[in-house]
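Working notes, structure below.
Chain naming follows the written order as A, B, C and D, and within any one chain the residues start at number 1.
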Amino acid sequence: MPILEASGVTKYFGGLAAVSNVDLSVERGEVYGLIGPNGAGKTTLFNLIAASLVPKPGIIKFNGINITGKKPYQVCRLGLGMTFQTVKIFANMSVLENVLLGSFFGSPKYVPLSEARKRSEELLEFVGLSEAAPTPAKDLTLSSQKRLEVARAMAGNPELLLLDEVMAGLTQTEVSEAMRLVNRIREQGITIVMIEHVMKAIMNLCDRILVLHHGEKIAEGTPEQVAKNEQVIAVYLGE
Amino acid sequence: MIETILNVVVDGLLIGGIYALIAVGLSLQYGVAKVLNIAHGEFIMLGGFITWTSYKVFGINPLLSVAICGPLIFVLGFVLHLALFKRIRMTSETEGAFEGNSMLACFGLMFIIQNVAILIWGAGIKGYSYLGFPVSFGGGAVFPANRLTTLAVAVIICIVFYLFLSRSHMGKGIRAAAQDPDTAQLVGVDINRVLALCFGFGALMAGLAGTLVSMCYKVEPTMGLEYTIIAIIVVVLGGMGSILGSFLGGILLGLIGSLVSHIEPGLTLASFYLIFMILLLVKPTGIFGK
Amino acid sequence: MILKSKRLFYLLCLLLFLLIMLLSPLYTSDYFLILVSNILMYIVLTVSWTIFSGPTGYISLAPAAFFGIGIYTSAIMGSQFSLPVILATGAAAAFCCALLVGMVTLRLQGIYFTIFTFGLVELLGEVVQWWEVNVTGTTGRIVPGTEYTTVYYTMLGIAVVLMLTAYIIKHSRYGLALQSIGEYEEAAGHTGVNVTALKIVSFAVSALFMGACGVIMATRWTYIDPSIAFNPLFSFLPVLMAIFGGVAHLFGPVIGAVIFSYLEEFLTTQFPYYYMLIFGVILVIAIVYLPTGLTGLIRKLGGRLRRRHANT
Amino acid sequence: MFGKKFFFGLIFFMIAVLFVSSPCLAKDKIVIGQPFSLSGPLASGAASSSGPFYKLWVKQVNADGGIYVEEYGKKLPVELIRYDDKSDVGTMTKLLEKLILEDEVDFIFPPWSTAMLYAAAPICNKHGYILIGGAGGAVKLKDLDLPYFFQVLNDAETQMPELAEIFADIGVKSAAVVYRGDLHGIEYSEFSIPEFKEKGIEVKMQQSYSPGIKDMSSLMKKAKSKNVDAFVVHDYPGATMLGTSQAMELGINFKALHFNVGPCFTFYPNTFGSEVVEGVIGCGAWNGKSTPGAQDLIDRFNKNMDQKMPDYWGGLFYYSSLQHFRQAIEEAGTLDQEKIRDVMASKTYKTDLGDFWYNEDRIFTNHPGQIGQWQNGVFEVIDTGEKRTAEPIYPKPKWPGKKKK
């Protein structure tokens, strides 16, 4: 059974279809890439999966459970963590508190303080922010803020992680670090769906890739297959 | 039956003109300068008192006192923005924080202006009568001359202002600032000046509304709040920040009020609040909003 | 070790202070009790406002509505019931009303929420007025008075319970969650926080205390009508006091309420003809120069002093 | 976390407590406290009616050297302390108790408006302070039986029967009664409608409306279409001004036009001009012709205050009640509330409105007039009987219409 399954997912804004009739299926344990030119509807698709938006029509299943129409927090507690295209950390809370919040509320069961604290500290260690634990999150650099978001999203023990452009705006070294981080997350058995513009990362990390254009799926396959796809080349070169 | 409907409509229009003028000023202040001016009614009160003074003491025609009242209150608003709201805008971290802080500052202003008015004019009720006679256009229908005048003046002021905003250079700057302050600044609009101008124009509209209000109603230092509340209701009705919406919203509120008071006068105000709250929930962008 | 003894010391101070407050009817004048009851009223309104509006940043102008519900409950149930029963009813009525309002206002953001809650106060006033005129045939109600000490102890009790509640909420996971809503509501939802439920419940909890406060204050006012009970001033004052004191810390609103209510007492009696002018000027200055409130200022000054110390 | 913040709270609290210590007064003057609406929605009404009369009285008493109190063997000057209650009942009750308990003033003067009076009376009574009712009708207060409360102003109970009497007398056959949906409006409508019916005046329309009404034209048009003789409005000055101007603007004339609060104030004719308000009927009432002292009061007021006589409903009542109060203090020879109360409750004194006394319910009944009508710039008393100062004008003249420039 695929961990994430979408069929016929469509979303209109006004008269325009931001996402139209997209099917996708993500297998457990894989890294699944989502690419496409600006305005192709990638973030909208993420928002549909994470239940910020409701598809109309269309059905999204997570672990075989229909999550269409559920609230974001419910989807999160089912085991779906996400990060945001523009960083949305809680700026005036400390770094530790950001992750604590995820530990407290991200999973369906009640987590006692000591356990949440332990989990959060482990995660900060994992993303390399242990030192910064007590500082206000707004004082972090962009790359640290992005790592903090990843830690927060992982705090609820998710099975699936949606990463929206975690490498945008980072330097070369930071991108390499981020790529290592993604691999380490994957080693923990977490399935990853990522939107990314950094082609090097996509090609190296992803098992399969889906290409969106004007809200429609134009190609899907391994990095090699997608790279050879004529329609994809046309879209990217035509820009 | 037809006569009743006509009466309701005419009464509604006559009062709606004043509502519209009151609301347009607030709408401008909120729409561009992002100040929800709780002290809006106080500027109306100032306008009323200045008109009263110039008529009763100096014998100046209330319609002419627009020329005194307008500039005075405009300058007051302009200076207030530069001295006060500009600073609050700089010290507030987010737009939300600015909206909250400036609203509370306006609450303070309301106290100050009321107290100053009591010190200058005394706390008592003032009033005068101008054009207080009926006009007939034949066919038995009779209209009060002063309310007809206020409606006409209100409509003229709104049209002039609308043209100013849509045609003049300064108006275009204001509209640009309303839509996107950052970009407006990039293309060379002095944003602080524009915001102060907007606040000033909002105050000016309130002052002129005060002149017209004083032609129909009593004037007293504590009269402001009820007009502020009406202005807020109208602005929500017409869509926050939309000048045209506020104008139409004012007329609409006049008609609603007239209709409800024809059926059950005890519920006029309650109906205003109910409509206002339902609208906020169902369509926060206002009846005419997109 | 040092930290622990410091905490103990503060706790002892607090208990001592509470003891002083508890015993004060024995050695102070009646008017002192009245004045303190009044200050406690503002503290309760302000702190309970802060429970919801402080961390979430939703500026609610509804305190007067819930306060008014308490006042009216007190007036209607009047002499037929004992005070605890009325208190419970008033608090419950305010709580339920807030739940309802909370559910309805979910979609509203920022200034829309603020003016909606302001409209609520006016609407309730109008509706109660209409109901009193057309159903019960009168609008004024005389509320049987209560002893000063009863009012004082009840008020103190409400305030203590409120402070404990506010403290517990603030330092619990829910306090953290409320703050996250204030910073990024959307992200809070995706982090697993049930934003809707949390907002509604904390809004209702804050209303509960306002309602209880209204019940007890009505017995001090002896006579009420809809415009007295639903006075928008009681919406604005708690907000101003909280912002003046600073909402980031629990004691900010308390300090704000104490200073403002004392200032009010001082100005209305010493400068009755200039009360609004002076009050307004202080308000404007506070908002322009103290955007983070008094506690923010104190913190900033404290920080500066410490830095200077470190330098020398 | 409790730490520093808590400490600052504690310190502020203690400073606050320290400041509230009361000043001690030596008995060289009589201190009278009054919580009064100097700001807020009630301020305009308070300033237009009873406000100045208390000040005038204090001024005149002090010009006289003060009140002679035998207990102290000398004349004591009077000092009036006013606190601003912000038009809020909660603040008023607090300040009233501050005056009584903290400042320990010798006497209390009443706050403004019916609601405030309702709230103040039980408190004063509890502390054994005399409260002479000022502005505010308080039919309901009688049921409470408060021995220290004295009702001065006339109210619906005496005014509405008189209005019905006058209407019957001048030949009004039908009436429309509209009223503000609050205590004031309801009380007046409840007293007026049965009285009208009893006198054979048909009440063709009765309607309440919400306070703060902005348009009365539909009510007036409705009444006109029912062809009533009299249009009766029970409301405060705001609606009176609105109703008058709208009737005039629309040229709607009734044979009799009555507003209950509003016409009695001089800002009413000042606003519209005395030729416009000719024939308008209102509650009150007194004028310079009412008693020999009345004209004298008007002259004294105009001379001593920086405004002209503002109030032809309560003015004479308020001032005379204070004159009565002063004589009661002098007769009691003490500042003891209970003794003065007993004297006040039993004695009759000469005042500007003539003989002044309270009945067994502590209600003043020798009113100079109930109903007034503007005639030639004078608010004439048109009560049936000997209080009348002029014959009523009926029907009311037409509105003057277009003014010549």
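One rule holds in what follows: contacts are C-beta pairs under 8 Å (C-beta built on N, C-alpha and C of every residue); 3 or more make two chains touch, one makes a residue touch a chain.
This structure is a prediction, so every number in the text was calculated from the model and none was measured.
**Student:** Following contacts chain by chain, what is the lowest number of steps it takes to reach chain D starting at chain C?
**Tutor:** Counted as steps through touching chains, the separation is 1.
**Student:** Of all the chains shown, whose C-alpha centre falls nearest the centre of every protein C-alpha atom combined?
**Tutor:** C
**Student:** Which chain's C-alpha centroid is most distant from that of chain A?
**Tutor:** So the chain farthest away from chain A turns out to be D.
**Student:** If you average the CA atoms of chain A and of chain B, how many Å lie between those two points?
**Tutor:** Those two chain centres are 49 Å apart.
**Student:** Based only on mean CA positions, could you tell me how far chain B sits from chain D in angstrom?
**Tutor:** 34
**Student:** Report the inter-chain centroid distance for chain A and chain C in whole angstrom, where each centroid is the mean of the CA atoms.
**Tutor:** Inter-chain centre distance comes to 42 Å.
**Student:** Let me have the rounded angstrom distance from the C-alpha centre of chain A over to the C-alpha centre of chain D, please.
**Tutor:** Chain A and chain D have C-alpha centres separated by 73 Å.
**Student:** Can you list every residue of chain D that touches 2 or more other chains, as numbers and ranges?
**Tutor:** 38-39, 181, 208, 210-211
**Student:** Identify all positions of chain B at which a residue touches two or more other chains, and write them in rising order.
**Tutor:** In chain B, 114-115, 118, 225, 266-267, 269-270 touch at least two other chains.
**Student:** So which bits of chain C are touching at least two other chains?
**Tutor:** 126, 130, 133-134, 273, 275-276
**Student:** Mapping chain-to-chain touches, which pattern fits: line, ring, star, complete or other?
**Tutor:** Basically it's none of the tidy shapes, so other.
**Student:** Touching pairs of chains, which are they?
**Tutor:** A-C, B-C, B-D, C-D
**Student:** Using the touch definition from the top, list the residues of chain D that touch chain B in their complex.
**Tutor:** Interface residues on the chain D side: 38-41, 43-48, 178, 181, 207-215, 217-219, 221, 237-238, 241-242, 245-246, 248-251, 265, 267, 271-273, 276, 307, 310, 399, 401-403.
**Student:** For a test of understanding, state which residues of chain B touch chain C in their complex under the given definition.
**Tutor:** Where chain B meets chain C, its residues are 30, 36, 84, 87-88, 91-92, 96-97, 99-101, 103-105, 107-112, 114-116, 118-119, 225, 229, 232-233, 236, 240, 266-267, 269-270, 273-274, 276-277, 280-281, 284.
**Student:** Which residues of chain A touch chain C in the complex?
**Tutor:** Those residues of chain A that touch chain C are 50, 52, 71-73, 76-77, 81-82, 84, 88-93, 97, 100-102, 104-107, 113, 116, 152-153, 155-156.
**Student:** Along chain B, where are the residues that touch chain D in the complex?
**Tutor:** Chain B residues touching chain D: 7-8, 11, 15, 114-115, 118, 122-129, 132-134, 142-147, 216-218, 220-222, 225-226, 257-258, 261-262, 265-270.
**Student:** For chain C, which residues count as touching chain D in their complex?
**Tutor:** The touching residues are 6-7, 10-11, 13-14, 17, 29-32, 34-35, 38-39, 126, 129-130, 133-134, 137-140, 142, 145, 167, 171, 217, 220-225, 227-228, 231, 233, 249-252, 254-255, 258-259, 262, 264-269, 272-273, 275-276, 295, 298, 302.
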